[in-house]
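Some structures are shown below for you to check.
Next come two complexes, and both contain subunit A; in the first it sits with subunit B, in the second with subunit C.
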Partner chain A sequence: MKRGWIIGGAVVIVAVFGWLLFGGLEKNVVFFLTPKELLAKGNDGIGVPVRLGGQVKPGSVKWNAQTLDLRFTVTDGAREMQVHSTGAPPQMFRDGMGVVVEGRAGAGGVFEATGLMVKHSNAYRAPKPGEEAHEKYKTLIQQSTK
Partner chain B sequence: MSLKREGKLTSSTDHLRDTQAARPPRTSNWLAFVSFAAVIAAQAYAILTSPADADMGHLQKIMYVHVPAAWMTFLSFFVVLVFSVRYLWRRQENDDLIAASAAEVGATFNGLTLMLGMIWGRPAWGVWWVWDARLTSTLVLFLIFVGYLALRAFTEDAQQKAQWSAAVGAIGALNVPIVYMSVKWWRTLHQPPSSPETLDPAYTLGLRINAIAMLLVLIYFIRRRYEIARLERAVEHMAEAAAMGGG
Partner chain C sequence: MIGLIAHNALLVSLAAVAFGAVLTPVAIRNNRRDWLELVYGAVYANFLLVSVAAVSMIVALVTHDFSVSYVAQVGSRSTPLLFTVISLWGALEGSILFWAWVLGLYSAAVVVLHRRRPGNLVPYAVMTLLAVAAFFAILLVGPANPFLPMSPVPADGPGPNTLLQNHYLMAVHPPLLYLGYVGMSVPFAFALGAIFSNEAASNDWSILSRRWMLTSWGFLSAAIIAGMWWSYEVLGWGGYWAWDPVENASFLPWLTATAYLHSVMVQERRNMLRLWTLNLCVATFVLTILGTFLTRSGILSSVHAFTTGAIGYYFLAFIAIVLVTTLMLVAGNSERIQTKGKLGGAASRETVFLLNNLFLTAVMLTVLVGTLYPLVAEALRGVKVSVGVPFFNRMALPAMVSLLFLMGVGPALPWGSTTWAEARRRLYPPGIAAVIMGAIAVIAGARSIYAILAFAFVGYAAMGNLREFWTGMRARHRAHGESWPTALLRLIAGNRRRYGGYVAHIGVLLIAVGITASSTFRSEREATLTPGQTLTVAGHTVRLKNLWGREEPQRSVIGATMEVLGRNGAVVGTMDPRMNYYRVSDQPVPTPDVRSSIRGDLYINLMAFESSGANATVKVIVEPFVPWIWFGGLVIVIGAIIGLGYGGRTATVPVPATNPAPSYGRSATTQALATNPAPSIASADP
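Then we have the complex of A and B:
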């Protein structure tokens, strides 16, 4: 009887683990969609709260410090989407950086972001000769103590 | 130093002074010294010699504690798994006490990993916390082992305590590979693990020696906690015997 419970429990655990391993959650536990995936939804993807992730297209960033108005393009290499956001972005936000925005895609094709996060890659490197490291935390401390 | 330690031990068993005092197990002060000296040296080396990261500047230094702490979390819970299974197999009290000690140390490192991750996330990502697969599964792992410790605290009977916590510990430890693989299986805000290919050589050595130093701390902590657990158990046994004998 007791042994039966142990074997039953073990079977359940192995089954759950196997399900996790072999993709049961793969389609559900996605923290963000890429522009390609969001655009593929067509009208179903418009107006619903969603996270959009990709790379900040180099040269696309337009930041107006007066009105705190930020516009840039997110690309996944295949498709791209314009993003509009208000407020100062995180310190590490810049051209070519990975980014995840929260918000809704507008009917006009512009994504209205309510939140902006920087997604860092797993690469760490020292600055190249002549390049200066970005001392993000200094400006962050200055900002938060103002 | 050893005098001071013995003084402490006797004071905690004061009420049992007349009964046959359990010999306190020999403790390992040299390991405490070596492991904490190693941490200080490894941190100093890593912080003083590694250049600022091109993207995040000196924020990168958090890596030298956050990453080893995460590895030690995994290692501790692996120890819990091994000794929990061994307890269920052989039913020996010491296996239970080792598993419990490793669980307590592992939960501490788990909490440290989460806290440093949040402190790192705020400036690097712009947010303290997100509910992505990596962060969520790491928090679940922490809660499982906090639950494990609560279960032990609330269970009186030693054998029941050992049995239940062995089951929870062994099953809870299965979350470790899920936490580790979460960034590979699912799309997360947290980046996948760095490898020597993605990590500048300027940072690799610092990270490795800090991992080794932290491993020494882990061994010291688990060992010390286990010695204390055995001492506590000895006191309980003596108290029981005293009560049985009419005190």
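Then we have the complex of A and C:
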């Protein structure tokens, strides 16, 4: 009798816990989508947290240092999507770079970003000639070492 | 040349561990104790040979011997010496070598310390360790061979991953993590050894294994905190925990190890939960291997996942073998392992420990599901998903906050059973601290129910644990006229395991304060400043002085000098958040600057700057109480060290029971006796 109660109680606890767990998962899973996949969802894609992945469209980056307003376009080759974010872009942010943008698509078709990650590749590249920091920031380095 | 020597050393070590593992059961079946000496010899030989390989690697790294593949992969002539040495664990092959080295060290220590113990427990445990060592030796001569010859020999290498050569904590976090992770193979080995040797039904094996678990747990706790600190100091987002899969990988075995450290006490004191405790040993070990698989196989893309390749399949196969073997062994022997102890009253310490294990397991399963779900979803449904931070917070926080409360309840209740009236007498007083802390949190502006409860329960548990010290000290002070410091030291020495546990509790509470306060009361602002402009965040004002640049051998550094202004506008200090541009990478590494005090941190990260020096965009974050997290980590380690100590039998004089009528708040002596069984009588330490 007592054993039955214990087993029954354990089953109930495990069931409730599993139900909570998978219910929580359903609500909090964030899909990784390209602009094409996100736009294909139509209105279902609006307001849902997603990770938008793609490349920064060359020439699309507009960054206002005073208002910290950052706008750029993410493209996957097929479709593209405008992104708006507040805050400085990551230092390595540049045209053609692979990015993952966390946020939600707004009703106006602009993706409001809450987080911005540059895709790191493990096999990192050395900077191109002329792009090296000691070239690019020569003035700063010379000013402070003279 | 050096690569060839090391490679051959690894080949011989594989032969030695395989020989030792196979010889053990043969020796025991034929009752040849002298053959076991050969097994132990194999353990020493393995440690020696892997040491040769590891030291060779360090020499190759330091001498920039690019004919060794691993050096060509992570070495660079411009990298400073410290980071050259520690790039031993900076990439996949080296970290597997380091793992094997640490395992060799632990195995040799087990043999040295326990070889004289009669019975077959230790030989079988050593056999298990050798089998694990064989797996890593196979990796090292196969898919993770760090000593492949390079042809042609490159003149220079790229250097370690830039994120990993940016902060000295990289010399601290990985070794601690490995000492913790690998050490957890020892309790697992004792668990299997106990089954093989038919000793699982006694408590002896857990008395041996729990010290090893506590040692590893101390290292792992320190490693997790050091990893959080590294993330905080290097990644520049002002946080220390993001429920990232690699963080979860270190947290999972910590949870089961913590559960084990509590359940093993119930096993010893109440003769319950033996099967469960044994399973926790196995689970902890499997989770360390799973964690290594997650972080080292390249299945996750992060700074920890170095490569993609066949090595993942080796790990999966190993996990499958371990799971199937141990499940069969445990299932086949469960009748004998099971304990007959009965739960005392509902209001007893073992009840609290059961709940503690229930919640810790629930947190572990939650984190495990959240960590593995993206992998499973991608494998089965072909969709790329990530499990958001809200999942972990919503699912794990309730259990973690409950654990804070239990931490105050457990020490107050005696083993066995007690009356509800007595339980109430013991459990109510810390409630005052809970109400005060909760009220302070609300007044300070906390609105999240979890934050308020966390503060309240921290207050409750802090008083619950400190009261144990206080009543014990007062009893000694009154009974023997000992001075307060002497009373404290003798109290701890009298039952190191118990009071070490309470010290560790206090460390956890400090961490809980740091995490709750810094996530609840964090304020941040980002702005572009020209030199001379100020920015104020939560009462802290900083002013950009100037931007500067500096050349170093391996990198260029751009920094912004920020002046911290006091209330009257005077400069009280300067901070220099920087951006490090390594020669080998087009991606700079941010290096925030942190100014700490006991009340919290002022954290400045340089986000962007004009190359002329005309302006800089900085993010300023005010995070109260963050240093409490690091300090709490230190306290946990101190607690673990106290708990490891031997002694407590003869060092102290028992406190005589002078007053037989317990009444809380009046008779300190009896209170102490009731809650703390007199050390010399009841010490469960062997």
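Here are a few things to note about the model shown:
To be clear about the criterion, the second predicted complex is superposed on the first by the 88 of 146 C-alpha atoms of A that agree within 3 Å, B and C clash if a C-alpha of one lies under 4 Å from a C-alpha of the other, contacts with A are read in each partner's own complex, and residues count from 1 in each chain.
Following the convention adopted for this analysis, a contact is a pair of C-beta atoms (placed from the backbone, for glycine too) under 8 Å apart; a residue touches a chain by one contact, two chains touch by 3 or more.
Note that the structure is predicted; figures quoted are calculated from it, not measured.
Once the two complexes are laid over each other on the shared chain, residue contacts for A:32 go to subunit B and to subunit C alike. Of the two partner chains placed by superposition, only subunit C is touched by A:49; subunit B is not. In the superposition on chain A, A:128 makes contact with both subunit B and subunit C. Of the two partner chains placed by superposition, subunit B and subunit C are both touched by A:118.
When the shared chain is aligned, subunit C comes close enough to touch A:66, but subunit B does not.
Contacts of A:19 after superposition: neither subunit B nor subunit C is touched. When the two complexes are laid over each other on chain A, subunit A has residues 13, 17, 20-21, 25, 29-32, 89, 91-92, 118, 120, 122, 124-128, 131, 133-134, 136-137, 140 in contact with both subunit B and subunit C. Residues 158, 161-162, 301, 303, 305-307, 358, 362, 365-366, 369-370, 373, 377, 383-388, 390-391, 394-395, 526-528, 546-551, 555-556, 558, 579, 581, 583-588, 590, 607-608, 610-613, 615, 617, 619 of subunit C are the ones touching subunit A in the complex. Against subunit A, the residues of subunit B that register as touching in their complex are 50-60, 63, 122-127, 130, 132-133, 171, 174, 178, 185-189, 191-195, 198-200, 202-203.
Those residues of subunit A that touch subunit B in the complex are listed here as 9, 13, 17, 20-21, 25-26, 29-32, 53, 89-93, 97, 100, 115-128, 131, 133-138, 140. By the touch criterion given at the top, residues 13, 17, 20-21, 24-25, 27-33, 49, 51, 65-66, 68, 86-89, 91-92, 118, 120, 122, 124-128, 131-134, 136-137, 139-145 of subunit A touch subunit C in their complex.
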